[in-house]
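By letter and in written order, the chains are A, B, C, D and E; residue numbering begins at 1 in each of them.
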Amino acid sequence: MTDTAPPILQLEGVGRVFARKPDIAARIAHKLVGSPLPPRVRAVDDVSFTVRQGEVLGLVGESGCGKSTLARMISGILSPTSGRIRFEGADMAAMSAAERRRAGLAVQMVFQDPMSSLNPRLRVVDIIGEAPVAHGLVKPADQDGYVCEMMERVGLDPSTRYLYAHQFSGGQRARIGIARALAVQPRVLICDESTAALDVSIQSQILNLFMDLRAQMGLTYIFVSHDLGVVQHISDRIAVMYLGRVVELAGAEELFADPQHPYTRALLAEVPRLEPKKRQFTGIKGEMPSPLNPPSGCHFHPRCSVAVPACATRRPALRELPGGRLAACDLIGEGVAG
Amino acid sequence: MSTPAATPALPKQNILRIQAAKFIESPTAIVGIVVLLLAALIAVLAPWIAPQNPYDLMQIDIMDNMLPPGGEMMSGQIAWLGTDAQGRDMLSAMLYGLRISLSVGLVTVLIAGAIGATVGVAAAFIGGRFESIVMRIVDLHLAFPSILIALVLLSAFGRGIDKVIIALVIVQWAYYARTVRGSALVETRKDYIAACSVLQLPRWRVLFRHLLPNCIPPLIVVATVQVAGAILLESTLSFLGAGVPVTEPSLGMLISQGYSYMLSGKYWIAVFPGVLLVLVIIAINLVGDRLRIILNPRLSS
Amino acid sequence: ADLTYAISAPVTAVDPHYQNATPNNAALSNIFESLTVIGPDGMVEPSLAKEWRLIDDVTWEFDLVPAMFHDGTPMTAADVEFSLLRPATITNSPSAFTIYTRPIKEIQIVDDHTIRLITNAPFPQFPRDLTRVAIVKKDLVEGASTPEFNSGKAAIGTGPYKFTGYTPDDQLNMTRFDGYWGDAPAWDNVRIRFITDDGARSAALLSGSVDAIENVPTSDLERFQSNPDLVYESAKSMRVVFLFVDSGRDQAPTILSHDGKPLDKNPLKDVRVRQAINLAINRDAIRDRLMSGLAWPTNNIVFDGGEGYIEALDAPAFDADKAKALLAEAGYPDGFQVTLATPNNRLINDEQVAQGIAQMLTRAGIRTQVDSMPFTMVNTRGNGGEFAMSMMAWGNTADAAGGIRAMIACKDKDKGMGPVNWGNYCNPKLDEVTMKAMATMDEGERRGLMAEAAQIVHDDMAIVPLYWQGSTWAARKGIDILPRADEQTRPSSFVPN
Amino acid sequence: MTAYLIRRVFQALFTMLAMAVLVFAAVYMLGNPVDALLSPDSDQIERAAAIARLGLDRPLHEQFGLFLWNAVRGDLGTSFVYGIPAIEVLFLRLPTTLELAVFAMVLALVIGIPLGIIAGMRPGSFAGKTIMGGSILGFSLPAFWVGLMLVLIFAVQLQVLPSGGRGQTVQVFGINLASLTLDGLKHMILPATTLALYKASLVIRVCESGTREVMSQDYIRFARAKGLGFWRIVSVHIFKNVLIPVVTIMGMEFGGLLAFSVVVETIFAYQGMGELLISSINRLDRPVVVTYLLFTTVMFVGINLVVDILYAVLDPRIRLSEESA
Amino acid sequence: MSQPALQVTNLAVSFATRRGDLAAVRGIEFHVMPGEVLGLVGESGSGKSITGLATMGLIDPPGRIVSGSVKVNGHELVGLSEAELRKKRGREISMIFQDPSTTLNPVLRVDTQMIEALRAHEPGLSTRAAREKCLAALAAVGIPSPEERLLGYPHQFSGGMRQRLAIAIALLNRPAVLIADEPTTALDVTIQSQVLGEVQQLAAETGTALVWITHDLSVVAGLADRIAVMYAGRIVETGTVTDILSDPRHPYTAGLIASVPSRNRRGARLAQIAGTTPSLVAMPTGCPFHPRCDHADAVCRAEVPPPRPVAGRTVACHHPLTAHATA
């Protein structure tokens, strides 16, 4: 349904490196006795994809694979160290301040920890109402009313608007976070593990809320989670990340029905299913490598059951496969990974 | 559209009120705050309630000196807590001394706190070379015992309340700088600050409306403890003979003057001001301890 | 018998020419002797010089006793010559002895036991100065430095006790010298401990770890006097405590009107104001209330019997009403404000006394603040002319000349007059009389001149003398204390009974 | 680790240079030492001579330059008062103060650690509350006041302990030690207690919060689930963890102990470095004051370094991450 | 039928707080047979961990076991002195915890932490013999090069490795029962599978009875033989995995299962249970679930439903669902 919709966000080779500059002492020590310099973490490595208007893009991957970093770059909290992010075709980095502010407001984020993402010293009415007033979306006099409206929309009781965040339950706090994002009338909502801290019964409430809002407001979502069940449930398309790279990107149905990349396959095989069938757990062999020191070539090759020696040297590009899906494995289609 | 402004709201609760309620859950803290308020009250009212103005040389007479508690002075007044070597009524001297000690503590903390907090937040917010230079200086400061710095400074400055305060400010600002920078760094990493940038709020607004207020609680705790610290340090310095002027003794100086008479049985000159000093400091520390607990989410649960 | 006694300031070196300071001089006087010595009453007595005579106004001839050094060699005139020349060669001395040797223009050795000293100018006080210069052994000390004294190598003198050990900041030990030329000393071994803290020194005596102490804290006096196991002695010392009042400058610092504005005229310039100050001070109260009796009120600047001593001045009046009247007469019926500077670690109860004086002056109408500080600070600031009024003391009060020259005479750098004249007093008449007295070798005539000078000082209230400070000693029972007027404590101050 | 050490050495040098400048400037403001040293009857000629002898007539920057240059060569000047190198004067006093400080530190640890652990293990209990209350008290009592009260009680009233002084000492390797004689120990009890009280309170607080923190960790639960006994848990699992913050704090506080010996030595007439500082300030023995401050700086820098290394030894997380990073 | 390895009856735990007693666990019953895996499922705060700890006798003041009995191999644990309990812990019944980063003492070497567990029950054991046993245990949980790893510190291990270490330590003395309190919640799916695999295998080999506490129904779906669902301190439904998951009878269980997003319901609205879990301080009267329950009536509001056998499992509900009520 959204295949034809215009792209709203385009990521072009986006990368982010975290590095501490070595100080003089570290450099001297490096020269003298070869002490290691402070490590560089390539948290996100050359990621490109397009998000179309109105779609839900799921972003899955194991801990430390760079999901949050990517989400933060898209939402403008972090700036990419390489690559470009385009909003409605315009490069965010090249915009004027006012444009960037407008684009930034259009891309909002809902955070994982419902407590630490809310300022503990502000009342809910200010948490939600501050930005729209500051940006002139509503007049200061209307703030109260506007906030009530927002709270109702996310299923909060407006009479609680003068309370502080810590006086709410986890699910309610998540709703406050959503209301805060909605208050600036965004087009894109980035949800970074927005339900991870919640109980299942509350999680389902919030997931339903997301879907309702999408229907009502035509929002575009980037939905980050390590919980495959959740991502599968809500997404139209899914990108799978491994150690900073996107290894596979496909429609949700296709991906789950027929994963192409060996990592995706292994991952899907390990996801516990709500099926009352006793099964033998096995797990992908090996540990998750440290992002400080990722394996050469294809990051997945040490754990890959079908790897060939070339995988250790060659970095596979994200290729388009039949059916419009993308995967970063050179072995696909060569019969080895079948 | 509804008329949402008309939506009835639950009564506003104030964070201060909530914390005050938590504060008084501890009986010892209540004792502390009561003693403290009382001390502050009598310090403020000293000129009106003290039987004598111990700074007015017209009112004291060496012929009255060394009267034991309850002794009668030449003027017919009773010195309930005795008199010192100058013939000062100890009770009056203590009330005025308390005034000096408390104001030295408060003023020092206010000035040092303002300087330290500004430097600390600036360091955390500006970062880079500025931060590393500032923090080096702070480290240097904290590595060296404050009493030595203050002692040397005061030996150079000479005596005087203003000089004591300057010396104490020089000694103490670094504590605030470190505390505020530390909590600013922690707060900066929290998602609500990230949320501010997603919401495109201006930097100054983030700094003053979001960051600074959340750095205040640890600052308050440190400040409370440092009031006690400043009073202690002042009294120690006065005890060592480098502090307030002799004619306007603080509690520490009164103790110091009474020290030489203590061994010959004239205990009251040193003991009474000592007891008052200790009471006040304990009270402050009790309050500080309670604040530390209620303002620290990890301890209060 | 052995003696251990505690003194209140450390002996900083065993080299008797290193630092001119009372603890050093007193303690080392047992090991090293000088040509002359000050007796317990403060008068000059013979020592290594058994007698001396004036050949002319500037030439003095000294006959030496046949003394022996601790290593058994005899002392000769050559040793004396060497010792008198040595102070000038010590470069790192913090406070040198050259002031005592500088008057010497020439030294002539007549024979091994006779020596002639020729001074630059007639100098009647010369024998008193010579009490300060210790005689060391020439061939041992030549080229030796201070550390070699501390180790004992060069610490060989002619005194009644031999050096046996020195620990800086802790103690100095000596033992009886059997070959001593004079009366045999009373103790076999003497240990001098340095305990600067008053309380600790008292405690040391009470606990029996020392046999005797000097400078009993006034707060402990009662306790000591009433303790049957202790003996206690006090003596009026030659140190006079006085006030500098700025009578020289037209405008003096810290002097303000009652509403806190600087006065256009320095009231202290008016002699009536100075007299009022003198009258306003109740010295008896200070003695009884603040000094535990260890003060002897006076208006003299010369110690009893000294040249310039005026007996009548030893009973200063206290008359507050007259003081007020004088102030009113001088044009200050409401008084004014002034700050009194005082050391807080120099004199007995200095800070307390200053506050007491402030009270008394305030009652008379001169509102007085006290600014107390360590002695060094007082000195620095006093030399910088920062005070209008300050409390100080003078210990060299055997005659009027020394004090007047240093503190009262018109400031004159070239002549060395008035170096510490903080009161900025200047009266050419006084200077003239004093100079004349100093150059007069005839004792009777000199005494007359000195008394005249002292009287001028008093009439003008050039400084305001307060009292003679006392010295105190205490010892365990079984020891007799022989008090001295020069504040020194020596082994000979204590004798077993 | 190497980078870390290099960084520390840079920091130490910076600290010392800064200290040297500050100390020199501050001490210069103290007053003119000549006034303190000269005999009162000396005249201007003598004064001028003394000023020249002590080098005080040269311009300030020259004095500082000379001072720095000499300091680099290990010569911190000659004491105006004693006529021997200032550093020697200091070293004569050093053992006394160190001995007292170490004694106090041991006392603080011996009292503080067990009490802190007890309080931390039973936070709400009567014992816990009492201990924590006591530590607030210990925190609040000014050292000089404690000293006075101890003297009043034990020396004046009960007369069981001496009021001051160092008592009998024995020489070991040329150093006078008081802790080896009964008399010396007796003299040390009151000053050491005075010094230790504050530190003990600090140790209690550190141990208490450390223990509480540790107690709430799963590994303590896990240790119990393994079937370990109470003592094993306290003496190994809790103690080793609590030791880490205690070592850090005590390292930093050792400097404080030395500093506070200024107060305690004054009260108890203990002839240590603190007393030396006070009397040197009063006598304006500049080289000694400067030496004292510089030496303490060196000592603090050294102690901090040792503590950091010790910290790494005690905490494997630091040790290994430094190696691997 | 043989004796259950663990038999918990009517266990109740409460905490003394400033606002009065807080009943965290309100009388629960379950048993586990040797070699069996019981999944204890419930949302946050439902009392799962407290149940586990109470079973171990590890409830500290201000908490206490109010009533009930815990029998391991038929031996009662409740009421034993601390010293006697200590002997049982680790040997008869063991426990592992949720957060792998805090289950092992960071400042002690792995061998220390293993050997002390052995020595706690066998004081005279020689170091050498102990070391042998440790090596074997490490190998058993799939830790490569155990000799080397034994000398390491916990932080040198990854999360999954640490959890395996904890399992190895917990099983060192071959206890009859192992209580696992969400040991894989903090792990990634792939690592979780590895750990689950090891545990499954070990438990099967040693015949250890396993109580697997989790909030994730999917995990126990593949692992457990039976499931107990907890809500607000009570077990609301117990039965075999198949029964419970495919045919829940308690409305809460049904709601829970329906709210799990899964393949079959992609894109559809999830069933949601209205409201939130009740707070322990303000527990509703009667059935604790009634305020959130569509089927609640006056009885539910008044009376606590006792556990009753329904269709081959035990359900604590006044109005258990019928077979086809679920979606």
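Keep this in mind: a contact is a pair of C-beta atoms (placed from the backbone, for glycine too) under 8 Å apart; a residue touches a chain by one contact, two chains touch by 3 or more.
Quick caveat, the model's predicted, so the values are computed rather than measured.
Novice: B-C versus B-D: which interface comes out with more C-beta contact pairs?
Specialist: Pair with the higher count of C-beta contacts: B-D.
Novice: Quick one: report the Å distance separating subunit C from subunit E, using the average Cα coordinate of each chain.
Specialist: A distance of 90 Å separates the two centres.
Novice: Just how far, in Å, is the C-alpha centre of subunit B from the one of subunit A?
Specialist: Taking the mean C-alpha position of each chain, the two centres sit 49 Å apart.
Novice: Between subunit A and subunit E, what is the separation of their C-alpha centroids in Å?
Specialist: 32
Novice: In angstrom, rounded to a whole number, how far apart do the mean CA points of subunit B and subunit E lie?
Specialist: 51
Novice: Of all residues in subunit A, which are in touch with two or more distinct other chains?
Specialist: In subunit A, no residue touches two or more other chains.
Novice: Out of subunit B, which residues touch more than one other chain, so two or more?
Specialist: Where subunit B meets two or more other chains at a single residue, that happens at 155, 259, 263.
Novice: Tell me, which pairs of chains are in touch?
Specialist: Per the contact definition above, the touching pairs are A-B, A-D, A-E, B-C, B-D, C-D, D-E.
Novice: Mind listing the subunit A positions that touch subunit E in their complex?
Specialist: Residues 62-63, 169, 171, 199-205, 207-208, 211, 226, 228-230, 232-234, 252-253, 256, 266-267, 270-284, 287-288.
Novice: Hey, which residues of subunit A end up touching subunit D in the complex?
Specialist: 23-26, 28-30, 32-33, 35-36, 38-39
Novice: For a test of understanding, state which residues of subunit D touch subunit A in their complex under the given definition.
Specialist: 1-7, 10, 324-325
Novice: In the complex, go through subunit D and note every residue touching subunit E.
Specialist: The contact residues of subunit D facing subunit E are 124, 217-219, 221-230, 232, 236-237, 240-241, 244, 314-317, 320-321.
Novice: What residues on subunit C touch subunit B, complex-wise?
Specialist: 198-199, 202, 217, 219-220, 222-223, 285-286, 289-290, 344-345, 351-352, 355-356, 358-359, 362-363, 367-374, 377
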